[in-house]
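Next come the structures, one after another.
After this come two complexes, each holding subunit A, first together with subunit B and then together with subunit C.
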Partner chain A sequence: MADFSFWVIFSNLLLAARWTVLLSLIAFISGGLVGVVLLFLRTSGVKALAWFVRIYVEVFQGTPLLMQLFLLFFGVALFGIELSPWAAAALALTLWTSAFLVEIWRGCVESVPKGQWEASSSLALNYVEQMRYVILPQALRIAVAPTVGFSVQVIKGTALASIIGFVEVTKAGTMLNNATFRPFLVYSLVALIYFALCFPLSMLAKKLEGRLNVAR
Partner chain B sequence: MRKLDFSALLPYADALVEGLIFTVVLTLVSTLAGIAVGTVGAWARTSGPRWAGGLVAAYVEVIRNTPFIVQLFFIFFGLPAAGVKLSEASAAFLAMTINLGAYSTEIIRAGIDATPKGHWEAGLSLAMSRFEVFRHVVLAPAFKKVWPALSSQIIIVMLGSSVVSQISAEDLTYAANFIQSRNFRAFEVYFLVTALYLALSIAMRAALAALGAKLFPKV
Partner chain C sequence: MSPAETRPLVEIKDIRKSFGPLEVLKGISMDVAQGDVVAIIGRSGSGKSTLLRTINGLETFDSGSISVDGTPVTGGEKELKALRRKVGMVFQQFNLFPHLTAAENVALAPKVVLGAGAKEQAETAREMLEKVGLGDKLGNYPSQLSGGQQQRVAIARALAMHPKVLLCDEITSALDPELVNEVLRVVETLAKDGMTLILVTHEMRFARDVGSKLVFMHHGKVHEEGDPKTLFAKPGTPELAQFVGSIG
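Moving on, here comes the complex of A and B:
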């Protein structure tokens, strides 16, 4: 029987935390890209497109992330599409993240005064140009703080990937606990690692929010 | 490609209903307890002694910056090692209460912070104690202000409760896992259960909005 010292447990958790970070980054970046596309559809003024995004958001925000993971991992496999835990987790988190980001960003776009739309359209800018040169640069400033704040939710969301067998820090914790029978220590350390990842981002979001209030 | 067959779920209707009831009851009970914790926490943060405020701030940050599933595992697997043994259902209840307690502390505190200073001063000038002003003057308008935010958080906690299936608490997701392990109809059962969660969150949003209108009528 191997001897598991504190450092063995801790270093193994840290190694697994790389996968938490990587999965978070993938989910956040690709979720952001999908979110931008959805944002354009949502604010395009085309009713059918706006409704599609509304339903998309309703479905992904109104159902548990765990169910979305299960549907992709266990459910879709029945149709002959085998997704690895990696792919299923990345895909589910991407869709889930995009649904939240598009709502956050929509709020920011809508907070840009209507006169900006009217002024830019009177300069013969088309919709994409209006967004690109007039609306988004202003909306982006307000969007930064809540977007950083949401990244914390993404990191915490990756913990669910452990349930479909993706070995990130929570799954590594479960495995180490099964080997060492020291749940109190193991899960404290797991929580500590998440805290070390999330807390700085939470603080940053708060700071950015405060800076914005001064600017106003 | 195989054909979808939702009728394969019919024999398991009982399990689904039981799971749904468990999820609803668990959400209700931990919402009430969580908001109670949040109210006390918000009081400590805004008007309590300094040490209590600091303690609550630490509690809020720890909970908000760690995943719910880790909190749940810590309570269910970790605490027994420290001598506190809990059943699956009570561990789920405790984890959800602690989780919502932290978020609602922050939400309610924001409502209290938005209370005009004159309300405090007016109450104190009527010889009310700080606690009486908090209880009778500040709290209700603060709740009214943050009710939408609190409602969304309650729904987020309800959706998050699907994770309690991982410690074998017999909620809706547990029922889904059980059924798919029996009839191997994973897509059908997860699709149906996802739809049930969606219906539940839509129904809860409507119910909470109606409750808010009733509890805090427009003057």
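Moving on, here comes the complex of A and C:
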């Protein structure tokens, strides 16, 4: 059996961590884009659209992310659509992320006083114009901190992609453990890498929250 | 005169509205001619603010009809947009956009709704803010202005769309007493310049001196209306007499 030094283990984990970062970024950015579309539907005042988003949110928030991954990876295959682990993970995380972000952002939109809607509609702005020029610029200030905070959940959520065979840092850890039988070392390092990714974001979210309180 | 000008600018016919079991507007009819300054007074809960808000579609109504300069007030998106280009509104709580400067507040609707270019926006903002005596506050954010100044920016913002009629919903009620006059002076100037105004107000002296027509609302109805000076001097109903007496 090959002799795995600490550095070999650590460097391999770091290489795999690139995929964790990439998957997180993709999930967060595309989840954010889907989230914005859902936000417009949710706050449009059109009942059918709002209901669609409510159900969407309930489904994705009310079921485990792991089941969503399984359904996309194994379930969809039954219909003859082969999704690579990569595509299934990216898609599942995107949908899951959007369901949380739309709810966070809806809260921020609703915290903008009603008078802002009334004043802007009195000036003949339509719904999209109101959102674009009046509501979102104000909601955004409130949204930044909880949104950055939620990105931590996305990063940790990518660990589940290991179960459908996507080699990110958790999967790499499992493989290295199988080869070295040093679970404590390997998984400590994996945890440390997650912490190194998440901790700065948590701190940033806290800092942004504090700044908001003294802002205009 | 074209036929449109001989018709009243704002025609309100038999408006009814209920909030649940409570009927707040019980068949209101009112005509407002070009250049009129209509002061609507009455106790809180008499339906005066609700009435005002139906005129630009912020509040729906159950039956009756309203039209402004030939545009009917309906729920339709297109009519609503056309209507709101003709009707300006100023609110009790100012409702300025806090993330925009005074100039940007004024220029937003011309930019977004009328597609005005940068130069035109700047000119409109300066012209309108000068009109309300705030030509030196273009770059200030609402939070850097006093209540009276904020309300004057709100008036300038409404004027920037060149409305045919301006609705004022208790626009001095949220102001400290010493700031009320600077806002009323601006409104008085507008009235003298021929702007059509409909005001819900508690400023009785202002209603008497500047108003061309007084409407006293009571329990969701127009209880009494007419010339302000005459009505204040000699109320035709005990309710108005009591209301005027209680306000002082």
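In the analysis below, the second predicted complex is superposed on the first by the 215 of 216 C-alpha atoms of A that agree within 3 Å, B and C clash if a C-alpha of one lies under 4 Å from a C-alpha of the other, contacts with A are read in each partner's own complex, and residues count from 1 in each chain.
FYI, a contact is a pair of C-beta atoms (placed from the backbone, for glycine too) under 8 Å apart; a residue touches a chain by one contact, two chains touch by 3 or more.
Just so it is clear, the model here is predicted, and its values are computed rather than measured.
In the superposition on chain A, A:E118 makes contact with subunit C only, while subunit B stays out of contact range. Once chain A of one complex is fitted onto chain A of the other, the partner contacts of A:P64 are limited to subunit B, with no touch recorded for subunit C. Touch counts on subunit A: comparing subunit C and subunit B, the chain ahead is B. Legend: residue contacts after superposition of the two complexes on their common chain; A:Y133 is shown touching subunit C, with no touch to subunit B. Contacts of A:S188 after superposition: subunit B is touched, whereas subunit C is not reached.
Comparing which residues of subunit A touch subunit B with which touch subunit C, the overlap is empty. Those residues of subunit C lying in contact with subunit A across their complex are 56, 58, 77, 81, 84-85, 87-89, 91, 93, 95-99, 108-109, 112-113, 141, 143, 154, 157-158, 161. On the subunit A side of its complex with subunit B, the touching residues are 58-59, 62-68, 70-71, 74-80, 152, 156-157, 159-160, 162-163, 170, 173-174, 177, 182-184, 186-188, 190-191, 194-195, 198-199, 202.
Interface of subunit A with subunit C (complex): residues 113, 115-116, 118-126, 129, 133-134, 137-138, 141, 216. If you check the complex, the residues on subunit B that touch subunit A are 1-2, 61-62, 64-71, 73-74, 77-82, 155, 159-163, 165-166, 173, 176, 180, 186-187, 190-191, 193-194, 197-198, 201-202.
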